[in-house]
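Right after this note come the structures.
Shared between the two complexes below is chain A, which has chain B as its partner in the first and chain C in the second.
This part shows the complex of A and B:
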């Protein structure tokens, strides 16, 4: 299996591409790296500089202090985080069983599901938004009139990222055989999920969570369309009034995305490192 | 060997259960993977399923293990009809062709998995996994992860994992096919030893005839989703029920012949050969005769000679590839003790030194 598609499974940059790059030599590599680095870093640095700029080019942190003093800053941030966490939760709840089921029972439909998961990229998000709204119209107000509906929108809109992340994790293990081995050993689905699927799909689950969360923290159009003042919506509103505050805000937004990502990554990689002593056993006996 | 089963206080001291496939059919779209497939395994017996690729061996095992539901027919283990029982409830130990250990668990955790999902106490689980890791000789590797084990070791652990649950039936689908020849034959013998020790009814799929002949109590030769013959290795080899079995197990020569009387047939180039055929052909009928390479002997000289195209030394036998005067290829196997007969000869003549395998109507 693996040998059939070495290009996909081998590490990026190995084999095929590297020979060309090597021929061009090290200087070329450094030039590329530097250019890419500049492309990312220059805007961030100059934004940062701008956000600390007071009258007459003096240094000030007033943009930040003002922001932190705004009630809306905290409330919108909290709303976005809440929606993000909810979306991640719903996404995993929906997608893990789906992806597993498709691989084990409906392998022929894999391509169909994959294509379907890409639809939100193709269909304009306004259309998706209206579609989701229409589908959930009948539901009680706790869903329909609250940020829950926003999470439902984001579950759909982030599908291209979340589905791919999980799907590729599933493809990297022989899921069908592992499931069947587990079943023949007497395991039901719950225990399979807990002992076999979740631990072996951890990478994909983390990836899907990170991508989904980041998506939620950055999405503007749909939130604005549905009149929820999320963090990005707040950012745009501020931007129309105070430029340096808006820039400070977007830097903070970056931080707020990165910090949870870093935490998730660190927590999970530590758990992984501890694995050499049987973790699950401790959890389970009592 | 057998005594160990009893000294273990009956832990292994259970002779296996009979297993019955009764008229199983399983279709995948337009492919009939199994059609009215019948097979009865006696308690404690090791049955090897042998047959060409796509004949339904894996499907048969999966139906037995509950991983595939038959369209019709019944599967019985002991006295229980398990046809509609899900895999998790069947208590069948399964070893897969591909490496199937849980990558996130050590060898020991893998072995204990089936006990863990049954909610057994850690101390019982450890005792049992120690016992099994000992049985497969991997006690020192207990804390390694699958990726730290060789292919052969992984399949041993898979075997231990399957046995840990004290399965009623053991099912192995080409468990050795990913291993190199040396490991394959030693692990094969080990599987047989353990199987005999436990007395567990076992189904073993292989493509490798030698493997099949070596470990089977009985071989089930399958063809196009059906059982062609179920018999001891010796009987399958020396007394194939059908032409397909004769061709599939071992090598055969097909030669035209003419029936002389109810138990002799005159075969081209080789001469008269004995045969046993129930509905004997009338004398003079043109027939096709299937003869094993070792049922033909060679001698120097003679009129009806064959040219020696190739000689290959196989240890206890020498395989000769011959071309007769009508340009038919004939394969002959002679004992190495007769090597002198063909040491310098370019041509040899043939005679029969055993019975014909099968005689069938009409020469081609």
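This part shows the complex of A and C:
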């Protein structure tokens, strides 16, 4: 399918590590990375250009000013933010105790719970929505008829991201020793959580919160099919009327999700790099 | 804590030799008695998943086997695998297959290129970028492609002024082909993320060992490199396929629901475009989607079990 080692282009003895196994030549690397890079940059640049495009190729910021002057822009953004905050709160409330419990009491089932957190991937969100309609129609209106149902479902749908972030944070500290040390000094679970676990898990909690919040701001399928005009639903409505406004709005939405995501990706990869260096570290504890 | 505890906790041991330390019988018995108490703390989580994931999913599957009056029937499925709905299943599978295949090839090449550079900045830039773009999707992605290669997109116009009209050459962003291209925006980064660890796990020592035994470069790849990378590549393909198969927002925003894909058809049924006598047809489509994803998941799990033996 793919020829991995084009020997002709490689310069022997010029590289190290995995580059030494692969021996791919400079031209190959540059061509591949440039083309792929272009594919990701061109749509962003085009969106920016498109959103500032006035009549007869003039430059205008009217798409942005009109958007910011629309009441619905602010109200839908506020609704999405509200749903996001609710979801983050519920997620942390549900997951922090669960993840900690699994690591302390059921370490052998860690992988089982990690797998369970991936279950939402098995049921496409369109199907979840249909199921919500058929099975929760009878519930009181305060749950089914308000955006509360969105938060309740988003906790589940964002689980593959949020659980993993918390799980890897717990995995990276020596939880069992911390808990045992705390208990031997006479603190109960509440004190442990407040003074030992939360400070140590701060990174993972922030990561999980950002991922969950970003998910909520972007989720379209469930919100639109349950007829809630959240931010992405508003975006589609704008798109049917004013293309340049929709593009401007999309660009803002993308940038606002990318920046925090980039921050946590960098932080997490640094932490992983720090952890993975000495293999012996893992055995030192015992 | 003993060393045994530590090793057992990390079930697929880094040593990878598959030897697990046998547990003393006493501990197992004590464990059984404590078992229920230990599970108690996870009950809220399990109950939550049960109510907000299992109940909706099961209700879709159960309703799929019922007619409007609640009698058992297979007629919903009969309808779901005929006519326009059969076509939408075929179109969805084709789209996901092609989109995943392209992303596997391009993402693999990119992952190889990144792994073979010793430039740290390029490496961390690609890793961070992939982490970010893999989570992109939905409505904003659709509109940024409209701005690029839509009817009046910037690139479309540039090409036009250069004398090449994309849309008169059979290209359309608002088609299955267009969607396959847009999906690359989150599928390629996902492929890079999945493939970097296995590629970087290839050891220089293995090349040296094979060379000292007289193997050539191509023999190394034929007997060691490709057999090691093949399982993660197949597993990645399945992940990408599922991701593309379940995607709804991008397709809906881009085509306003005019394209016959299963999630779009199902969305239309939910939004109330239901013909008489099709009450539970949507549930049959939903059950069909779950079935396809579950099959993909089972294949994935089988491959993963083989891969995790050496990749740690």
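Note that the second predicted complex is superposed on the first by the 201 of 286 C-alpha atoms of A that agree within 3 Å, B and C clash if a C-alpha of one lies under 4 Å from a C-alpha of the other, contacts with A are read in each partner's own complex, and residues count from 1 in each chain.
Keep in mind that, in the parts below, a residue touches a chain if its C-beta (ideal position, glycine included) is under 8 Å from a C-beta of that chain, and two chains touch if they have at least 3 such contacts.
Here the structure is a predicted model, which means the values were calculated and not measured.
Undergrad: Can A:105 be said to touch chain B (first), chain C (second), both, or neither?
TA: Only chain C; A:105 stays clear of chain B.
Undergrad: May I ask you to decide whether A:38 touches chain B, chain C, both, or neither, giving the answer as first, second, both or neither?
TA: Once the two structures are laid over each other on A, A:38 reaches no partner at all.
Undergrad: Considering only the touch criterion stated at the top, classify A:139 as touching first (chain B), second (chain C), both, or neither.
TA: In the superposition, A:139 touches no partner, neither chain B nor chain C.
Undergrad: With both complexes superposed on chain A, which partner does A:191 reach: first (chain B), second (chain C), both or neither?
TA: So A:191 only meets chain B here.
Undergrad: In the superposed arrangement, does A:119 touch chain B (first), chain C (second), both or neither?
TA: A:119: touches chain C, not chain B.
Undergrad: Once chain A of both complexes is superposed, is A:61 in touch with chain B (first), chain C (second), both, or neither?
TA: neither
Undergrad: According to the contact criterion defined above, which of chain B and chain C contacts more residues of chain A?
TA: C
Undergrad: From the superposed pair, tell me which chain A residues show up as contacts to chain B and also as contacts to chain C.
TA: Chain A residues touching both partners: 177, 285.
Undergrad: What residues on chain B touch chain A, complex-wise?
TA: 65-67, 86-94, 96, 98-106, 109, 113-114, 116-118, 122, 158, 161-162, 165
Undergrad: State the interface residues of chain A toward chain C in the complex, per the touch definition above.
TA: 1-2, 4-5, 7, 15-24, 28-29, 32-33, 36, 39-40, 42-47, 49-51, 94-95, 97-98, 101-102, 105-108, 110-111, 113, 116, 119-136, 152-153, 155-156, 159, 161, 176-177, 211, 214, 218-221, 224-225, 232, 235-236, 239-240, 243, 246-247, 249-251, 253-254, 257-258, 261-262, 265-266, 269, 279, 282-283, 285-286
Undergrad: Name, in rising order, each residue of chain C that touches chain A in their complex.
TA: Residue list for chain C touching chain A: 1-3, 5-6, 8-11, 14, 38-39, 41-42, 44-46, 48-49, 52-53, 55-60, 63, 105-106, 108-110, 112-118, 122, 124, 126-129, 131-133, 135-148, 150, 152-155, 184-185, 188, 199-200, 202-204, 206-207, 217-218, 221, 225-226, 229, 242, 245-246, 248-249, 252-253, 256, 263, 266-267, 270-271, 282-283, 286, 289-290, 293-294, 297.
Undergrad: With touch defined as at the start, can you tell me which chain A residues reach chain B in the complex?
TA: Residues in contact with chain B: 173-174, 177-178, 180-188, 191, 195-196, 199-200, 275, 278, 281, 284-285.
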